[in-house]
Amino acid sequence: MQELIKKGKELFANGTVDRIIGWTRGELPYDREIRVFRCAECFEKDFVYDAFCGANLSKYLIEESGKEGKIGVFLKPCDSYSFAQLIKEHRIKKENVYAVAIECYGKCDSRALADSVEDAIYWITDNGPELKIDTVSGAVVRNTYDYMLEKCAACKTKKHAPGCDETIGDEGEKVDDCTRFDIVAKLEAMTPEERFAFWRGELSRCIRCNACRNVCPACSCEHCVFDNPASGISQKAAADSFEENNFHIIRAFHVAGRCTDCGECSRVCPQHIPLHLLNRKFIKDINELYGEYQAGENPDERAPLTNYTKADCEPSVVYKRGGKN
Amino acid sequence: MNRIGVFVCHCGTNIAATVDVHRVAETLGKEPSVVIAKDYQYMCSEAGQNMIKDAIREYGLTGLVVCSCSPRMHEATFRKAAASAGLNPYLVEIANIREQDSWIHKDIEEATEKAVILGRTAIAKVQLNTPLTAGESPVTKRALVIGGGIAGIQTALDIAEAGFEVDIVEKQPTIGGKMAQIDKTFPTLDCAACILTPKMVDCAQNDKITIYSYSEVAAVSGFVGNFSVKIKRKARFVDETKCTGCGLCTEKCPQKKVPNEFNLGLDNRRAIYIPFAQAVPKVATIDPDYCNMLKNGKCGVCAKVCGAQAIDYKAQDTYVEQQYGAIVVATGFNPINIDAYDEYAYSQSQNVVTSLELERLMNAAGPNGGTLLRPSDKKHPKTIVFVQCVGSRCDDSRGKGYCSKICCMYTAKHAMLIREKYPDTNVYVFYIDVRTPGKNFDEFYRRAVEQYNVHYVKGQVGKVVPKSDGNLIVYGSDLIEGKRLVIDADMVVLAAAIEPDKSARSIATMLTASMDTNDFFTEAHPKLRPVESPTAGIFLSGVCQGPKDIPETVAQATACAGKVIGLLVKDKLTCNPCVAHSDELMCNGCSSCEKVCPYGAITYEEKGFRQPDRTTKMRRVAIVNEAVCQGCGACTVACPSGAMDLKGFANKQIMAEVDAICL
Amino acid sequence: MADKEQIIRISGVNPLKCMKCGKCTATCPNYDEMEYHPHQFVYMVEHGEIDKLMASESVYKCLTCFACVERCPRGVEPAKLIEAIRTEAVRRQGCNRLKADDIPARIDDDMPGQALMMATRKYTR
Amino acid sequence: MYSIKKEALGSLLAAIGAKRKLYVPADNAGLILFTPYADGVSVNLSRNPDVSAKDFFFPQVENICRFKVCGKTVDVIDNREKNEDFVVFGVRACDVKSFEVLDNVFLSEPVDGYYKDRRDHSLIVTLACSKPLETCFCGTFGIDCAAPGGDVEAYACGDSYAFRAITEKGEAFLAELSLENGGDEAVEACKAKINEIKAKLPLSDLTTEGFGGGKTKDLFNNPKWAELSASCLGCGTCTFVCPTCQCYDIRDFDTGNGIQRYRCWDSCMYRDFTKMSAGQPRPSQLERFRQRFMHKLVYYPENNNGLFSCVGCGRCLRKCPQSLNIVKVMKALREDD
Amino acid sequence: MSVNNEFRPKIVAFCCNWCSYAGADLAGTNRLQYPADVKIIRVPCSCRVNPMFILRAFQRGADGVILCGCHPGDCHYTSGNYFARRRMTLLFSMLDYLGIEKERTRVEWVSAAEGAKFAATMNDFVDTVTKLGPNRRLEDLRCKN
C-alpha cells in the first residue's frame, strides 16, 4: 500500500494526473468506499488498498475520462480487463486516464465475514492469512481464505490486460488450475428439471434492485433497455417469474462476449444470487464452441458475437451437448 | 387513434375454398382499431384495388391490411394502390392467407381460425407502422475502373460512350493487361493486338477517359454514388506529359539485364523501358530496382539522351483524390505459380513452359520474333506435349477446385497454330475432359483434331523427365487405349490454372466487397445480378468475378458498363426506406453494430449532447448511412442498448406480431 | 457390395472423388508389371469388383511408392486402396497369398533384406 | 408475561401456523428472509432479516386492476388479492417503527385501501434484539431495540422465550395459545444486557442533531453532496432494502388481450424517477442522492411532527454495493458545524 | 371453432424474407401440408431476430419457436445467418442451462427451393413440441387470461 501511495503522490507531483480514483475507508471496519482524490495530501491521508478493496473501479472511468484533465487509477488484474474492454468499446477515453497495474492476492467478502460474526464488530486487523476481529464481546479470528470473494476464490488470472501505463510489483500469471467453470459444469450435468428448480430458487429472490446491472462494467448503456419503455421489455419489478428469467437472460446475453468475468454482479447482489454463473455459462460456451476468448485481452480481436467463421457449429449442437435429459 | 382497413381476398377459390373469407372479414372487423373490413373475389384486380382506394379516402384509413397471397407476390401492387390514394405505401401490411394458409390446410375451421390470427397479426403490426419515405442521395457522375485490361478498357469505353467521365487505374506502366500478351484469339484466330490496341488508343484519345497508369488504389471511403478514392501514382521518374515515347532512352540504357515481365522473363529489357511498342500511355518508365542512377547515383544516360527532358530522378509517389459515383473492379487474373507441380519439371527444364509463355514464344513481337524455338537451344521443336488442367479441378490441398475454363480452347488454338505453321511437328494434348461450350468452340476443337491431326489423348501426364539434350521424356496414360505412352518430346506446354490477381484481396477489403474462398469477387446474385457486387455501387467486370474468356469478358464488361450508366444517369438515388436507424440518445458508440454490418454502412461521430444539468457532453454515436444500408438488421441485435432499430421491421412491430400470434 | 464398403472403410478413400484423368497410372513406376493399373483400382473398387482385384497379381506389384497419392489432383489416394485390399486379403483366413513356408523358395540374391521383412509383415498374420 | 422453553418454539410456531398464515425469519442462501412457515423451514432469529418487513403491507408488486378488451369495449376488473389474517414473527423494533412511518403515508387521507387491508389483517410478533450489530443505530432515532412493541413482544432470554401482549389484538392472540405465565425477571435481565451492548455499539454516539424539520436551507446546498454521491451507482438497493422507503410506480402491463395495472416499488435513485414531460428536476445522481437523505432526515420529519423516516436498521449499510450509507451522510454533513 | 381437447401447441416461426419465407411460400404452392399451429413472421434476415423476440413469444404463451434462414453461405446479406447462428447457439444453450426444454427452440436453414424441407421441418417441430406439452417454464401467467 505504501508503494501505491508513493506512486500516487509522484503522479500528482509530476503533473501526470490531476486526480486519482481509489479506495478509502468507509463507515464500518470492512467498508471501502470509492473516492476521487484531488490532491496528494488527501490521497496520502485517506487512500487505502487492502483485503477489502474488492470493488472494480473501471466503470467510473467512463464518466471520469470524459472530464477535463487526466485521472489516475489503480487496477487489479481482473479490473484491468474491464478497463481494456471499455477502451475497446470506446467508452473510456484512454488518453485521459493513467492506469497503474497493481497486484492482488484475493479480496475479502466483507458481507460473509460480517455475517459469520454474531456480535457487533468495531475493528478488524488484517494479519495476512488471518483476520482478527474485535467485537463488543471480545475478539475472534477468521481465516482470510475462507472469506474470499467468489471471484477471488475462482481467480482466473493474476496477469493484467494490456493497456496499463505501468505496473507496480511483478506481473502475475494466468491461474492454471482455475476452478471458475466447476459449478457451471456441475449444473450442466444436472437434469433440466434440477436446473430449472435450481434457477427458480435463485432467481425468485431477485428484488430487481439493479445493483448487478449498475455495477457491471459491461452494462454501460446510456439507457438500459429495461429502463426504456420504447424497447417493449422495460420492467421496474419482476411482476412474474418470467420477468425474473427474462431480465437475467437478456442481461447475460447483452454482455455475452463482453463480460470479463470481473465478478462484481455477484459481489453486490443483496440477495446472494450467483449471477456470475450465468455469465460464465456464456464464457464457457464461447470458449468451447468458438475458441478461448477473454474479453479485454486483445484490443484488436473481434468479440465472439460480432464475429463468425463459416465452419461454426450449428445451434443444434445444444441438443447434443451439455446436460442430461 | 388508428383507422385500419382490412380487405380479405378470395383469390377465386384459391383462398375461399378452404378459408371462410366472410367470417374472417367479419371477425377482423371487430378488432378495436378496424373501421372497415371487407372481402372480395380478387383484391389484386382493378376493381379490388379501387375498393381499397375508395376505402382509404372514405374512411381516412391510417393503415391497410390485405389478407391475400404472399407479400412476395402482391405487396408492391397494394403499396402502389395505397400510395395512389394518398396513404403512405409503408402503412400497408399483407397477411399471407394463401401460400401459408389455404393452400396447406384442408380443414376449413382450422384454416379460417389461422387466417383470423394472421390477419390480427398484420393489424397489430400495421398499427405500429410509420410512414416511410425513401431517402435520396446525390450521385457523382464519374466512374472509376480498377484495372486496365480488356475488361476495364471495354467498361471504360462504354461508360465514356454514354457521356460520363471514367478513370482507369492500372498498376502496370501500360493498359492492355493479359490480352496484350496474347498472340491470337480463339475461335476466330484473329490477332489479339489488332483488336485490342485500337481500343487502347481509343481510351487514350477519349476525353472522357483518364488513365492513371502505374498507379494503385490506396484508400476508398464513401458509399454508392459518393465514393471518395485516393489513388497512389507511383513515381515513374519520367514526366508523362513530356515523354514522347521515342524510345531512345530504352536503347541507350546501359543496364540490359532486366528480366522482361511482358515476355514473362523469356528475354531481357533495360532499366528504363516501354513495356511494348503499342503501350498506352506510350511513355518510358524507370525501374528503380535496376536503375544505376537511382540505386547508386552513377549513370544518368537516359537524362542525357532525352531530347524532351522528361527524366526526373527525384520524382516521388503522388496521390490523387477523386470522387466517384460507381466503382468497377476489373482486376483480372494471373496464371498460378506451378512450382509446386514438380512432376512436370517446370523448374528443371526451360523447355517446359506455360501456355502464356508459349503465347510470347509464338508472338511476332515476342523474344523470337514469332518463330517457335524452344528456349534451351533455340531449336525448332518437333514434338510438343500439351498438358491440361495443371492446378485446375484439384482437391483443395493440391490446387484450385474450379475449372479455369479457357485452357481447353487456347490449347486447341496453340496446337492448331503450331500444326499450321510447322506441319512436321507432332502435337499431343493430354486432356481429362475437353470443354468447349461456346459459339463455334466445339467446331474449333474438332478442326484441330480432324483437319490439323492434333493427337488428343484422354489421360493425364504423370511425369516429365528432362534429358541432358534438352528433350523431355513424358509419361502419360491413354485411358481409352488402356496403355501408357512414353513420349520423347522437345517441349512440354502446361495449361496452368488461372487465379485472381493478388491485389484483388486488398481492393475487396477497401471496397467492403465480398469474395469467395478462391478470392473471386462474389456477385450480388449468381443468376440475376451477375455484374454487381453485393456492396451497392461496386460492379464487377471480367475474370475478377470468375474465369472467363475474352468474348465473355467483353460481354460482362459491357453489361457492367450498362449497370454503371444506369446508376450514373440518376441525379439522386432513392434508397430502400426499411433501413437501420440509430437513436443517438441511447447509442453507446461501442462499435458492436459496425462490426456486424456487411456493408460498412455505420460510421461514428463525436456529438455534443445537452445534459440535464445544462452542460454539453461529447459522446461517440453511430450514424447509419441510409444509402448504403440494405436493411438486414444484424446491427439491431448486436446493439445492447436497443439504440439501433430497423424501420419497417422495428423491435416493437415484431414483438406486436409475436403477441398477436401467441394471443 | 459389403466387400466394397469394407475396402472403403479400411482405406478411408472415396473413389467417387476420382475424375478419371489417369495421372496415377501415368506416373506409376511399375506400370508395365501390372495387369490392372492404379486408375483401374479406383474404378474397380467403385464398381465393387473386389474379388477380381484381390485375385490379381497387380495388387502385389504395387511398390507402395505413393507416387499416385502424391500426384492425384483430387486426393483420391489409390495406393491406400491397394493397401486396403492387401489388408483385407490378410484378414481373410486362408486367403493368405503366401504361406510362410513358401517364402524361402522365392528369395533371390538381389532381394533386399528390408523387403523381406516388409513382405513378412504384409503377407502373414 | 408468558414464557416457553427455547426448544418449544417449533411447536409454538406450528400451533400458530396451523390457524393462520405465519411468516418467520428463515435461512435462505446465507440470507435471513421472512418465509412462510412450513415444516422444514430453518427458523433463524440470530439477527434482523436481510429484507425488511414492509412488503407485508406494501409488497414489491401488487395488482390493482385489470382492463379487458372485448372487441371494441373495455371491462375493468378488480383483481387484487384477497387478504387473510396473518402473523409475522420476529419483527425487530426498527421495522416496527417503520410501520408507523409507512402508516403516516398510506393511512392518512386519502387512505390507501390496499395497504390498510393488509395492515388490518396483520398481527405483529416482535423480538427484542439481543445482539444488535455494528450497523445498528436505531437508538439514534429514539428506538429501543429492547422494547420492540408491535402486537406481541418477544424476548429471547437464556433458554426460554418470553412473550408480552401490547395490544388487545395481541392479548387475544396469546390467550388462544394458552401459554404458561412467567419470565418477568428474565426479561429484565435480558433488557439490561441489551442496554449494555447498545452502549458499546460503534454507532451509539450518532445523534440526529442538525437534522429534522426546518433544516432544508442549512443542508440543501452543502457542497459535500457532490463528493458523497460521486460513487453512487444509482441502483435501487438501498431503497429496496429500506423499511421506510415507500415510493411506488403504477404501471400497465399489456397482456395481449388487456392491461394488467399494477403498482411496484420505485426508487428515487433511478434516473427516470420524477421524470416528467417537462424534463427531469433531479437531473443527476447528486440530486437523486440528496433527495433520498433529505427526505429521510429533513422533509419527512418536517411533515410528520419530527418523526424521522429512518429507523436505523442498518440494512443500507450492509447492502450498498459501494459502501455508501445514511450514517456516512449524517456524519459528513455534521462535520461542517 | 373446432372443439378439441388434445393439446395443440402454439408455434412461432421467424422466416427470413429471401430464403425461408419463400420456401414456406413454395410449400404452399406445392400444397405440402403442415399443421396450422405454425404461424410465420417475416423478417428481412435471420440476423434480425433478437433473443428478446424469442423470449417474448414464450412469455406470451408460445410452446415452441423456430428460426429459419438461408443456408450458411447463401445469406442475401452475405453474413447475417452466420451471426444468427452464433447468437441462437448461445441463447439456446443458455435456455437449456436454465432448465427450459431445449427442444422448444430450433434453427433450420431452408432455401427458397426447399418447400418440401420447410413442410417436413414444421411437421417434425410441431410433433416434437406436441410431445413436450405446454410451455410451463417460461410463461407469464398474466398473459393467460
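The letters A, B, C, D and E name the chains in turn, as written, and every chain counts its residues from 1.
Assume a residue touches a chain if its C-beta (ideal position, glycine included) is under 8 Å from a C-beta of that chain, and two chains touch if they have at least 3 such contacts.
This structure is a prediction, so every number in the text was calculated from the model and none was measured.
Where contacts are defined as at the top, ignoring subunit C still yields one piece in which all remaining chains are linked. Chains that touch both subunit B and subunit E: A, D. Any chain bridging subunit A and subunit E, meaning touching each of them, is among B, D; the list is complete. Across the assembly, the mean Cα position most removed from that of subunit C is the one of D.
Set side by side, the interfaces A-D and B-C show unequal numbers of C-beta pairs in contact, with more at A-D.
With centres computed from Cα atoms alone, the innermost chain of the structure is E. Most remote from subunit B, judged by the distance between CA-atom centroids, is D. The geometric centre of subunit B is 70 Å away from that of subunit D, both derived from CA atoms. Distance between chain centres (mean CA atoms), subunit C to subunit E: 52 Å. Mean C-alpha position of subunit A lies 63 Å from that of subunit C. The distance from the centre of subunit C to the centre of subunit D, each centre being the mean of the chain's C-alpha atoms, comes to 87 Å.
Shared interface positions of subunit C, i.e. residues touching 2 or more other chains, are not present. Residue positions of subunit E touching 2 or more other chains: 51-52, 56, 60, 79, 83, 87, 140, 142-143. Residue positions 225, 232-233, 239, 305-307 of subunit A are each in touch with at least two other chains. Counting only pairs that meet the touch rule, the chains in contact are A-B, A-D, A-E, B-C, B-D, B-E, D-E.
Contact residues on subunit B toward subunit E in their complex (touch as defined above): 70-72, 96, 98-101, 103-107, 109-111, 113-114, 117-118, 121, 514, 522, 534, 578, 596, 598, 630-634, 636-638, 646, 649, 651, 654-655, 657-659, 661-663. Looking at the complex, you find that subunit E touches subunit A at residues 51-52, 55-56, 58-59, 72-73, 79, 82-83, 85-103, 105-107, 137-142. Interface residues of subunit C, counted against subunit B in their complex, comprise 17, 19-28, 31-32, 37, 39, 67, 70-75. Within the complex formed with subunit A, the residues of subunit B that make contact are 585-592, 595-596, 604, 617-620, 638, 640-643, 651-652, 655. Listed in rising order, the residues of subunit B touching subunit C in the complex are 343, 389, 393-395, 397-399, 432, 458-463, 475-479, 484.
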